[in-house]
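Same chain, two partners: chain A is paired with chain B first, then with chain C.
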Partner chain A sequence: MSERRWNWLVLPLLAAFAASFIPALLTFVLLSFHPSAGVAAVKPEWTLGNYTRVLSDPLYLTALGRTLLLGLLTVLGTLVAGFPLAYLIVRFPSRFALGLFTLLYVTSLTSIVIRGLGWITLLGTNGPLNRLLVGSGLLASPVPFMGNVYGTSIAMIHYMLPFMVLTLIPVVQTIDPALEEAAAGLGASFARTARSVIIPLALPGIVAGSLLVFAMTIGAFVIPRMIGGTTMYLMSLLIDQQMLTTFNYAIGATLSCILLVLVIGIVASANLVLQHGSYRR
Partner chain B sequence: MDTVADGVILATRDLSKRYGDTVAVAAVDLAIEEGEFVTLLGPSGCGKTTTLRLIAGYVEPSGGQVLLDGADVTHAPPQRRNMGMVFQSYALFPHMTVYDNLAFALQIRKWPREKIRARVREMLELVRLPQIERRYPSQLSGGQQQRVALARALIFNPRILLMDEALGALDVKLREHMQTEIKRIQQQLRITTIHVTHDQEEALGMSDRVVVMSQGRIVQVDTPKVLYEQPRTAYVADFVGKVNLFRARVVASGAGDTLLELTDDYLVTDVPRRVIAARTTDLATGTPVQVGVRPEYLEIRRQPASENCVAGRVESVKFIGPLQYFTLQVADDRSVLAIDPAKGEAAAEVLYACWAPEKTLVLPE
Partner chain C sequence: MKTSAVSRAKAAEARPVPWARLARPRRRLLARSLLEVWGGLVGLFLLAPLVIVLVNSLGVEQYVIFPPAGFSLDWYARIPSYYLDGALYSLLLAAAAVLTGSLLAIPAAIAIARGALPGRAAIDALLRSPIQVPLLISGVAFLQFYVVVYDWSQLTLMGTFVGLWIAHTIVVSPYVLVAVVARLSRYDERLDEAAYGLGASAWTTFWRVTFPQLQSSIAAGMFFAFLMSFDNVPLTIFLIQSGQTTLPLALFFDSERDLSRIQYAVGALVTVISTTLILLAMRRIGILPSEEAVVRA
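So, the complex of A and B:
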């Protein structure tokens, strides 16, 4: 089929997309530029006051910082745990690796609330994790995992791991095993091979997986609420509060736009970096 | 454990590899000498590539040993075997320039930057690709990639060079050119080389010795000339060159020659079944054997001789310039190929193909 016919086929999809997504997007973008008029309403005049208020208020700024930190920690955690996992699954497709993969996949089908509850049990001050850390002598006293970004990131890493691994597997599959053998024959240890050959070639997948995990994490709601509690503020939780509790649509929309711009900015710059290096392949 | 003989760089002792019930390699004993160019030759699945990978360290053997300069490296990882390998797909790092590909091994060995630069230039000169340092593998032709792969394998002065069907991906003309190039480089560096191929012309043309393999085992190891003139089995005779095979029986075996008799049924019956082989075989009377004659030693005649002849109906005559390929049907299901300069025989219905006793090969059943 020629290129032009393909374009026509996409039209219905684009139309559906445009009809549902664009108006919603436009609505809250527009809302953010009007001052609040009390419960679930905005005044007709335009203003930048919402943005100045949000971006100068330490409450919102720490929430923003905390959101980015959660995203970063989760990305790092899923990479550190996920890359070796993906590599094992691809390079050693034994029943063991297949079992690992199935385990991962099945976990991802479990309800997020149930998984959240599981983590609440595990992360408590007297929970199994703390008892292991203190009991084995690694820590002097238990660390508070609940109610902060660190415990939340642990549970988020668990939740996001399948996404990272599933994104990495196809990319690792494209790496010719002969390249690793060649590196070994030239004298490279496995660590050196990983650093010089495997990771650079897997970079597109690493970036794609990281972006996916990051974007999903900074919009995440359930786990941060369950683990972080009501005192840990993240952008997503604040947006929920503004829209559904305080009914301050103006601020809610503003926060949403800031979040949106953030995600777009990070994705766009990552893609730029990727394209710059991709001509070598 | 006894030591290896002097001059032997690489030895394998009873090397074997099994995958479950399948035997990939069995009882492989090799002794490769300094500076030799040895080829492992055989069809796909004969175990030649597995043997090479066992030597290189990419596969753990099920049994046996690999000895490099007398030291047991059987379980050493490839990193520590100091062997340079050229893969069939070249395996050049696609995200690195030619320079970085070549410098890789030296950077691992912590060579100073200036020495690396000089050595990379030196290797590119050696493979006759002086200006391509900054290019990426995807920007090179197949022949260029191959030469870079060769340079990369040699740059750190390995003890042996291993090549796994390295010429497989090239077209015929380039292949022949590279065969000459590789041989030139090998001789210039005097580096011991083990080459794997299924192309018997390549093996014969480049090697000091050839190891013919079949079904995981070594069948014969000899110089190309000896392999061609004195194949030990019908398999070798047929794999290295072409051969016509006839079932026969030993009639008498003496000093200097052997008398045999052809045992199969043939279409043309007025041909004597006597065969004389001008070699001592020491086989008992009645032993079943195969008599082999290479096509180029068959002379086409209109009348049979008193021995060493077969006859057949002319199936086809192919004219190839100075020579003709005669295919004669000697039995219901058998044909014989004769390559002979004879002209003007195409009109005949039945022709005789005869050969000299010195060219008779006596091979096991």
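So, the complex of A and C:
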């Protein structure tokens, strides 16, 4: 059975990419090296001015910093919420755990905009979350969650949790339960077993999953816009503003390039961790 | 008396079990209970926004406060028609994109999984790349590309259905590609060899032996691709024409300009319908989350 006979089948999709996606990416990368010429246009001469402007302007740098903070908060939240869940589903697969898994999956398929609507109410100053925190005495007065990175990260955790859990489940599956049994047999409490056996063995997968969630979070648009609003400066929101409000395609392209380089770099690191870590599929 | 390992082991079996081993079942039970409590809390967290949407849609006050003082179905009756228009447009766009995306991706998946492509890994990475690139950036890329194309050839793609269709096709094709490649990597070649041995041509073998086994993976990939296209905001926001809207876009903009219970009504309706369809589809096609959901949009 010849293998090369199947080769040509890749051509239609490859041609479609070559005619649309690749030139599209090239377009904005190239556009970022031209100065803006007003609405949706650039001048023919080349320049690094867009990059120097963006990377030295405190407004853009703050936005970049806030974007990275959002990524960090989301990763931490999804790890804290998701790792125990992944462990539960793998080690104690009762109907409860599997029902939880189905719930996770089905909610992940609901529209992100609709979930955003729910979070707008939940995170409001007089919303259920604030009332719960104040009512239970944890807070003295309501805290604003809308319009800042903290409320946004809560909604982002909700959005990213399925990806984190689905990445962590295979990771936990590679941990030999006999090792945990051995630790318990030697007298380790569950906490000690977790600290000394489970987490170290899962670490490459945890790191890879975290990097992937981080990369997805910094590129996210819908939730930051719905929860953070137009006043919270974030890379993706600024890109949207430059493209659809200011029509400064040059800066929009520049910001996009920076964001894309970050995302690709982080995803590549995640793949390296997966290949070289002790985590094996 | 010298003891051998065998006799020592036999003696150990007769001895009482040490405390650490007895304690394990109890420790495990405590750990399990704590984990299940945590799981329950996470489950509530997962449901929270959706429950809010449902309850809010039934509230009686004009102003969106939670919990509502009274209940009313009024808002469902007051849903403006542009939501339906948007929904139909989203459906059409998603169906078209999934169709073309699948027609392009399925052969490509076969070529990648079975062919002897030079630079196979690079081609595979390239064809999967739209999943890694943030949708917002793909939107920027396509919009700027379309503008450049217009400048050079007067061909208008931005703000057209065709332009959206092309962009959506590219962005959803990887989901079908990944699903089929994964299935083919688990494929039992001997079935095809048996068919060849019985005299079938390559074409016949493909259609009568290979393709039926790919069907469920193709269905799963198309299903996920459809959801990605239907719910898409960042890409669509850049490329849609000014008079037209899609369902998620309408909800998105209205929630900014004029938040009212009407959006919650639309949201509740869409969620109930889509979740019901998804649960039905999961039963019939047997879609399991593991493969496609580990890749993202």
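Everything that follows uses one rule, which is that the second predicted complex is superposed on the first by the 243 of 281 C-alpha atoms of A that agree within 3 Å, B and C clash if a C-alpha of one lies under 4 Å from a C-alpha of the other, contacts with A are read in each partner's own complex, and residues count from 1 in each chain.
Note that a contact is a pair of C-beta atoms (placed from the backbone, for glycine too) under 8 Å apart; a residue touches a chain by one contact, two chains touch by 3 or more.
Please read these numbers as outputs of a predicted model, since none were measured by experiment.
Applying the stated contact rule after C-alpha superposition, one finds that A:23 touches chain C and leaves chain B untouched. Of the two partner chains placed by superposition, only chain B is touched by A:200; chain C is not.
Of the two partner chains, neither chain B nor chain C is touched by A:276. In the superposed pair of complexes, A:189 makes contact with chain B and with chain C alike. Within the superposed three-chain model, A:95 lies out of touch with both chain B and chain C [touch as defined at top].
When the two complexes are overlaid, the chain among chain B and chain C that reaches more residues of chain A is C.
Once the two complexes are overlaid on the shared chain, A:178 sits against chain B while remaining clear of chain C.
The residues of chain A shared by its contacts with chain B and with chain C are 181, 184-187, 189. The part of chain B that touches chain A in the complex is made up of residues 56-58, 77-79, 81, 83-85, 87, 89, 91-95, 104-105, 108-109, 136, 138, 152-153, 156.
Partner chain A is touched in their complex by these residues of chain C: 20-21, 23-24, 27-28, 30-32, 35-36, 38-40, 42-43, 45-53, 56, 64-67, 103-105, 107-108, 110-112, 114-117, 123, 126-127, 129-130, 132-138, 140-145, 147-148, 166-167, 169-170, 173, 177, 189, 192-193, 196, 202, 227, 231, 233-234, 237-238, 248, 251-252, 255-256, 259, 263-264, 267, 270-271, 274-275, 278-279, 289-290, 293-294, 296. Taken together, the chain A residues at the contact with chain B in this complex read 176, 178-179, 181-189, 192, 196-197, 200-201, 280-281. Taken together, the chain A residues at the contact with chain C in this complex read 1, 3-10, 12-14, 16-17, 20-21, 23-25, 27-28, 31, 40, 81-82, 84-85, 87-88, 91-92, 96-97, 100-101, 103-122, 124, 126-128, 155, 158, 161-163, 166-167, 169, 181, 184-187, 189-190, 212, 215-216, 218-222, 225-226, 229, 236, 239-240, 243-244, 249, 252-253, 256, 259-260, 263-264, 267.
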